[in-house]
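Here's the structure we're looking at; comments come further down.
Labels A, B, C, D, E and F are assigned to the chains in the order they are written; within every chain, residues are numbered from 1.
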Amino acid sequence: MPLSARNRIEGVVKAVENGEVASTVKIEVAKPVTITAMITKEAVEELGLKEGDKVEAVIKATEVLVSKD
Amino acid sequence: MPLSARNRIEGVVKAVENGEVASTVKIEVAKPVTITAMITKEAVEELGLKEGDKVEAVIKATEVLVSKD
Amino acid sequence: MPLSARNRIEGVVKAVENGEVASTVKIEVAKPVTITAMITKEAVEELGLKEGDKVEAVIKATEVLVSKD
Amino acid sequence: MPLSARNRIEGVVKAVENGEVASTVKIEVAKPVTITAMITKEAVEELGLKEGDKVEAVIKATEVLVSKD
Amino acid sequence: MPLSARNRIEGVVKAVENGEVASTVKIEVAKPVTITAMITKEAVEELGLKEGDKVEAVIKATEVLVSKD
Amino acid sequence: MPLSARNRIEGVVKAVENGEVASTVKIEVAKPVTITAMITKEAVEELGLKEGDKVEAVIKATEVLVSKD
């Protein structure tokens, strides 16, 4: 499905932590780079997200900051 | 400077494209993964962003979506 | 493609306006409700977005505000 | 109150689920379209949000992605 | 109009810069603190934003990062 | 560390409230202006955020809405 989001990074779910309505999902996209997503627990359940799943982290370009030393 | 943002990914600026108030910055974070950021042109100028700069893409966890096939 | 975003609303592109790096896309999701998206011009070009296209507006739950009179 | 946000969609609250600091609010904006918002529990309490409330889902154009089959 | 956004900061417009579809608005919220917003040019025109206007900068809590030295 | 985010506002932490995965942090940036951030609990713990800490609220320009009466 073509998506306008400029950033789609493949990875593997390393951890899912559920709160009551929010969850965090840690996605290893390259060693040693892990991307953390905070999404609804409902999304975690609907996608059945669990350790080992192959997923993509999807990020809109407007959400990315740039830092430079 | 410690930052609450969960995602800070090192990379090298591959391209900067300036509009009148907005700009896009392409950051190669691993071969062949490039992250695109849309930021203000003012920020591009203030940081002096140009091809070859070592930077970090910084992304808050709440901004990351997860897609699963 | 299952996506964690809670909000995916079908509609038809009514207008695309391109700046130099940013574009706005107006999507009629129901009469008379139109959703406006600001995305990169690169995404408009890559998806070939034009009037009449059937698309979805995709919105992460964390990005929605609620207003009540 | 005029607001720069391009997207203000009227609807009725169908469900509110509270976590400890975050809450999700489901807003039926048209049958069968429901928009889910994740907001602070503090906002839910301050607005007194509950099932049946007439509200608006407010979304900034920069937060909308576009998907096209 | 009650709004779920936790952050509404009063200020005065100090500058508006228009691109083709995006604009930046600088809002002085306290001396010497200025908040910059990037919004659609359409919103600038619809609100008639210009230097000297009394406005509020509205920011959802999920969009705020925290940095600590 | 130079950062593309246009808005960095100094303040003092007045309250931290932790959920299971999300937390809210209240930052007094000027009397009587308080900015609320919702971040991951992991970030709160990693930064050791607590009442009295001097911090900055960091906000990307694309995340700011403008309201005008």
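Following the convention adopted for this analysis, a contact is a pair of C-beta atoms (placed from the backbone, for glycine too) under 8 Å apart; a residue touches a chain by one contact, two chains touch by 3 or more.
Keep in mind the model is a prediction, meaning the values are calculated, not measured.
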For this session: Report back the single chain whose CA centre is most distant from the CA centre of subunit F.
Result: C
Seminar exercise, completed: For the C-alpha superposition of subunit B onto subunit D, the rotation angle in degrees, rounded to the nearest 5, equals 180
Problem set entry | Separation of subunit C from subunit D, taking each centre as the mean of its C-alpha atoms, in whole Å | 17
Seminar exercise, completed: Between the Cα centroids of subunit A and subunit C the separation in whole angstrom comes to 21
For this session: Could you please state the distance in Å, as a whole number, between where the Cα atoms of subunit B are centred and where those of subunit C are centred?
Result: 22
Seminar exercise, completed: Going by residue number, subunit F touches two or more other chains at 1-6, 19-20, 22, 24, 36-40, 42-43, 47, 58, 60-63, 65-69
Seminar exercise, completed: Per the touch rule, the subunit D residues reaching subunit F in their complex are 1-5, 19-22, 40, 42, 60, 62
Exercise. Which positions of subunit F touch subunit E when the two form their complex?
Worked result: 5-9, 24-25, 27, 29-30, 33, 35-39, 43, 47-49, 53-69
Exercise. For subunit D, which residues are in contact with subunit A within the complex?
Worked result: 17-20, 22-24, 36, 38, 62-63, 65-69
Exercise. Can you name the residues of subunit C that touch subunit A in the complex?
Worked result: 1-6, 37-40, 42-44, 46-47, 58, 60-62
